[in-house]
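First subunit A sits with subunit B, and in the next complex the same chain sits with subunit C.
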Partner chain A sequence: MTLLDKLLQLLVAVVVFAAVMGVVLLVADRARGRRTDLVSGIAFTAPAFLLLLVGLLYPAARTAVQSFLDARSAGFVGLANYVQIFTQPDLVVVLRNTLLWVVITPILATAIGLVYAVLVDRTRFEAFAKALIFLPMAISFVGAAIIWKFVYEYRPNQQNIQQIGLLNQFLVWLGFEPVNFILAEPWNNLLLIVVMIWIQAGFAMTVLSAAIKAIPSDIIEAARLDGVGGMRLFFYITLPSIRPAVVVVITAISIAVLKVFDIVRTMTGGQFDTSVVANEFYVQSFRLSNLGMGSALAMILFVLVVPIVIYNVRQMRKVDGR
Partner chain B sequence: MPAPKSGSILRRPSRGTAAISAALGLSLVLAGCGGSNVAGGGGNPAASSQDCAAFAQYGDLSGTRVTIYTSIVAPEDQPHIDSYRPFEECTGTQIVYEGSKEFEAQLPVRVQAGSPPDIAYVPQPGLLKTLVTQNPGAVKPAPQAVVANVDQYYSETFKAAGSVDGTLYGAPLGSNVKSYVWYSPQAFAEKGYTVPTTWDELVALSNRIAADGGKPWCAGIASGDATGWPLTDWLEDVMLRENGPEVYDQWVSHAIPFNDPRVAAALDRVGSILKNPDYVNGGLGDVASIATTTFQDGGLPILDGTCYLHRQANFYAANFPEGTDISENGQAFAFELPPIEASQPQTILVGSEFVAAFSDRPEVQAFQAYLSSPEWANMKAKAGSDLGQSGWISANTGLDPNNLSNPIDRLSAEILQDQSNTFRFDGSDLMPAAVGSASFWRGMTDWITGQSTSDTLTYVEQSWPASS
Partner chain C sequence: MTVLDTKDGASPGPDILAAATSRSAAARKGLTSPWASLAALVIAVLWTIPTFGLFLSSFRPERDVQRTGWWTFFANPAITFDNYAEVLFGGNQPLIDFFANSILITIPAVAIPIILATMAAYGFAWTKFPMRDTLFVAIFALQIVPLQVALLPLLEIFVGTGLNGTFWTVWIAHSTFALPLAIFLLHNSMREIPAELVEAARVDGAGHVRIFTTIMVPLMKPAIAAFAVFQFLWVWNDLLVALVFAGGTLDVAPLTVRLANLAGERGSNWYLLAPGAFVAIIVPLIVFLSLQRYFVRGLLAGSVKG
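So, the complex of A and B:
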């Protein structure tokens, strides 16, 4: 396709979009009388609802059905795919790893972000310190994974061989033997989780810092007058005041973690017992063309995410409602 | 389109604006279609200075286009694209080339979605078979001209690998010789080592290098989510040399179980080299470092003299840094992995990609015929040589080795064309995907990081799909 073709396509897409919007506005505009609100409401939500139906609801339903079918979506196999996920050792490891990710990452990332936010709050170098921890947020997961892959890189301790991994270079400087970190099961999972924490701590810090600054200063002053300071101020005043924000951050990170795919795929490709559900779902569906198993894994992901999303939305409403 | 003032449309009826934008949209849709048609027209046959006599058989295909989807990406794609030029200029068709590293995952998706390319270069016969059996009618059987070319210019092994249930679907495109051991002729000369001709000599050489204080072998199997595949080649090569082609065929087709004692013996023989701490992993670490070293980096220590032997296919030539002297007396060259059982024929493990077509339009069939012809193989070889690239060969017996610039490519082409050689296709590529590109890879990776031979083979055996 030539550049001209592409530009024309772009133009066509923009114009079609404008035309659809024009029709929607026209319909909404024609409504008269008591039903004005209803008609314009429907006119505005219908396109979005249609897109949701085609792009989200239908695929979700289809995935649910496929998870009960065999590899080629030809025959009905009942719960066989799910049974396999919970019994086959390979796949049990995948579930275990996902559990590790979901438990460890949100807690550590939020804790680090929170402590950091409290420590730099109202200090002279606050803006700079915040920018520093926020920077990883700007890096894609794949980019971050490649950076950390270099950090963990292993070279033997031999003549003529230079370490290129930061961690192993430290070990060699300290007089230890270099370690092949990526191979050390199950600790290699934690090394992968570190990448996610590195990225998400900045997000946690930003939200929590804003929440801390929103605590009314008279509460803090009253507490100080009562002789509360340091750690007790943090645990009795700061933390309870920002509780809804903490919950939102934890749930948001949990959802991001459940979907984690890029980091695992880039750093280990799921080898050495580091695969997670999202990665395994891709492998099963697209590389092994086992649609049934892929769909079942996707459904598990779906079932895990839904309660967190619901909880998250409720908490967000609480925060907004304050 | 000018942005309407916010809110004004809702308050005042202005149907005109919406009607105009709708009309404008429609006219531009039409204009857009017309534009792409014009741009889609191919080259002009009359303007060509090429000798087009050889292409007269394909007829005039002006105004048509053929789309190609492949896993061959830059820089290896350039000689491919260059080699299509004479065909494009003489027939008037336009070849649209699209390379993707996610090819294996994306091709089945595109086929199932009903938007396949005209032609795909499928690197594994197992994937070709899956595409044919899972999407009836999607892959078109090779046209008569292609069948004739394959019968005339390719050996039976390659024809069989491109066929499903006796029907030829894909003619081989590029091929490779896998049974190579890379070494440095300069380092060998310096140390007084000689190229081994039997397995015992190979082991004796390894012992001698180890006694001299070196690590004889280096290896690397990391390859993203395909990690482990170089080890499957190791096992296949040793299976062929220890038990002969017949047992190998039974093993690949699952006529004998994957964990047959003969397979275990072969894997243990691989282990006697790769799991031997005295032998590996030259310049790269301990035995387990094989699992985390990328296969591209695996053989590079040969150039540093930190290892001396590296078993990898002919395409490994492309991984040496630019300017490396790859020749009989240079910094790197390769010899055939020696035989184990003198009673068994020396069998060469080979691999290939196959041209699968999802459309049977005349221009697509003509292009398939061109790709399976010696003219194309020679054109591709010249295009690669012109760019200074090595590592590409074809099993087409019409390929003139003199068109290949690199000694290793010439040697590989001669091995492929030697009628006295026995060939066997890469076993993991032939096995069902659940084994050949999943459990076999994963099992071998676990094996090199410490899992026992019997546990590994049992694990792969259990993953073999019941239906095949």
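So, the complex of A and C:
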């Protein structure tokens, strides 16, 4: 396809979309009398609703059904796919890794973001300092994974071979042997998790920094006049005041972590015992063409997200009810 | 201070004030001690160096990149643009084509959900129809469905309609997946517009379409901009949707797909990987830096309310 063909496709899309929207608005505008609200309401919401029905709701329901079918979606196998996930050793490793990711990443990213937000709060270089931590948020997971490949790369310690990965160079400078980090199971999982923490800390910092700035200044001043400072100010005043924001940040990062597969795919391809559920979903569905197993993994992802969301909604209710 | 004032009818002595300010100064000092500054500096350096290393590597000659680390650049500086030229225009999979695909994917995939979501948000906020609130809650709830749950059957639908392997699939998929969050965020900020404005327009004889286009859309610009930045970053940086629907071909696949393949190839293409990654990073960075204001606003609105 030449660029001209592609632009033509874009143009067709624009025209089709504009025409559909034009008809919808025209219908909404023509409605008069007592039915105005009903017709307009339906016209305004119908396009989005239809798309969600066809593109999200129906496929999700089908996935739920497919997770009880075999690899080719032909025969009913009951819970076999799920049983396999919890018993087959290499799939159990996938579950273990996902657990590692979802426990470690939100806690560390939030802690680092929080500490940093407090440290640079109201300093002269605050805006610049924040931008540095925030920037990785704009980078794709693929880009971030490549950036960190340059940090973790390993070269065997032989004559005339120099390290090109920063981390191994540090080991060599300190007098240690270089390590092939990516193969070092199970620690290699932590190195992949570092990439996600590197991306998410900026998000945590931004939200928590806004929460810190929203603490009424008279509370802080009162505490300071009472001689509360430093660490105690942080633990007794700052942290309790921003608790709801901390819950929101941990929730958001947990959900993002469950769904991420780009980092694993780009850095290891899921080899060396580093796969996670989201990556295994892709491998099973599209590389091994096991639709049943892929669907079951997708459903597990969904089941893992739900309790996190429910907890978050409950926390919000508590705060609102106070 | 006021308590002291009324007690002895005079302003507090300078020593009391001084003691108070020095105490609060001491408290502040606790947080801005040299150790605190050092900790902040360490974090900032750890966060910046990996990207800096990639940036520097992208300009180093092929031989240097393959055999030495980027930090040796300072002892032996050599700069070239050959890596960029080769990765962008060389070979049978020039990155420039994937770059064009990324742009062609992103524009409709940002514009379509925004238009649909703004309209739907208006419908939910300012018109009445049966089951309105139930449907809105249902859409809100759809946010928690991971898109992995929809991918396989959606692919079947696309294959069935013969759309597979075209831009259409990627546009439709991205638009659909963005809708729940977009409707929710835009609905929230649309509810904040004063009802008097809408009432006044109604009295003047304006219908829903006119109220929508002449009052709502202009007032919603900041919220729309916030979501647009989000959606742009999400679509530009996406790998999963692109892999599933766009395949790996020059025809449709975006930058991320090509880069992920480049990174997965065994052997030594480090000198292409660095400039390639940097090309993919630079566009979102520019958008992000110039629209940071809106991005942060969207981030705070989305995280605190949702």
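By our rule, the second predicted complex is superposed on the first by the 300 of 322 C-alpha atoms of A that agree within 3 Å, B and C clash if a C-alpha of one lies under 4 Å from a C-alpha of the other, contacts with A are read in each partner's own complex, and residues count from 1 in each chain.
The rule is simple: a contact is a pair of C-beta atoms (placed from the backbone, for glycine too) under 8 Å apart; a residue touches a chain by one contact, two chains touch by 3 or more.
Quick caveat: nothing in here was measured; it's all calculated off a predicted structure.
By the document's definition of touching, neither partner reaches A:V257: not subunit B, not subunit C.
Contacts of A:L100 after superposition on the shared chain: neither subunit B nor subunit C is touched.
When the two complexes are overlaid on their common chain A, residue A:Q158 makes contact with subunit B while staying clear of subunit C. In the overlay built on the shared chain, the residue A:M196 is in contact with neither subunit B nor subunit C.
Set side by side, subunit B and subunit C differ in how many residues of subunit A they touch, and the one touching more is C. In the superposed model, A:L25 makes contact with both subunit B and subunit C.
When the two complexes are overlaid on their common chain A, residue A:G269 makes contact with subunit B and with subunit C alike. Once chain A of one complex is fitted onto chain A of the other, the partner contacts of A:V249 are limited to subunit C, with no touch recorded for subunit B. Once the two complexes are laid over each other on the shared chain, residue contacts for A:L108 go to neither subunit B nor subunit C. By the document's definition of touching, both partners, subunit B and subunit C, reach A:Q9.
According to the touch criterion, the shared surface of subunit A, contacted by subunit B in one complex and subunit C in the other, consists of residues 1, 9, 21, 25, 28-29, 40, 265, 269, 282, 286. Residues of subunit C that touch subunit A in their complex: 20, 23-24, 26-32, 36-37, 39-40, 43-44, 47-51, 53-54, 57, 65-72, 100-101, 104, 107-108, 112, 115-117, 119-120, 122-124, 127-130, 132, 135, 139, 142, 144-154, 157, 166-168, 171-173, 175-177, 179-180, 183, 207-210, 212, 233, 236-240, 243-244, 250-251, 256, 259-260, 263-264, 270, 273-274, 276-277, 280-281, 284-285, 287-289, 292, 296, 299-300, 303-304.
Of all the residues in subunit A, the ones that touch subunit C in their complex are 1, 3, 6-7, 9-10, 13-14, 17, 21, 24-25, 28-29, 31, 36-38, 40-45, 47-49, 51-52, 54-60, 62-64, 66, 112, 115-116, 118-121, 123, 129, 131-143, 145-151, 153, 162-166, 169, 198, 201, 203, 206-207, 210, 221, 223-225, 227-231, 233-234, 245, 248-249, 252, 255, 258-259, 261-262, 265-267, 269, 278, 281-282, 285-286, 291, 294-295, 297-299, 301-302, 305-306, 309. The touching residues of subunit A, when paired with subunit B in their complex, are 1-2, 4-5, 8-9, 11-12, 15-16, 18-19, 21-23, 25-26, 28-29, 40, 71-72, 90, 154-156, 158, 160-161, 180, 182-183, 265, 269-272, 282-283, 286-290. Those residues of subunit B that touch subunit A in the shared complex are 1, 9-10, 13-15, 17-19, 21-22, 24-26, 28-29, 31-32, 35-36, 39, 104-106, 108-109, 130, 134, 222, 224-228, 281, 283-286, 288-289, 291-292, 304, 306, 433-434, 437-438, 442, 445, 449, 465.
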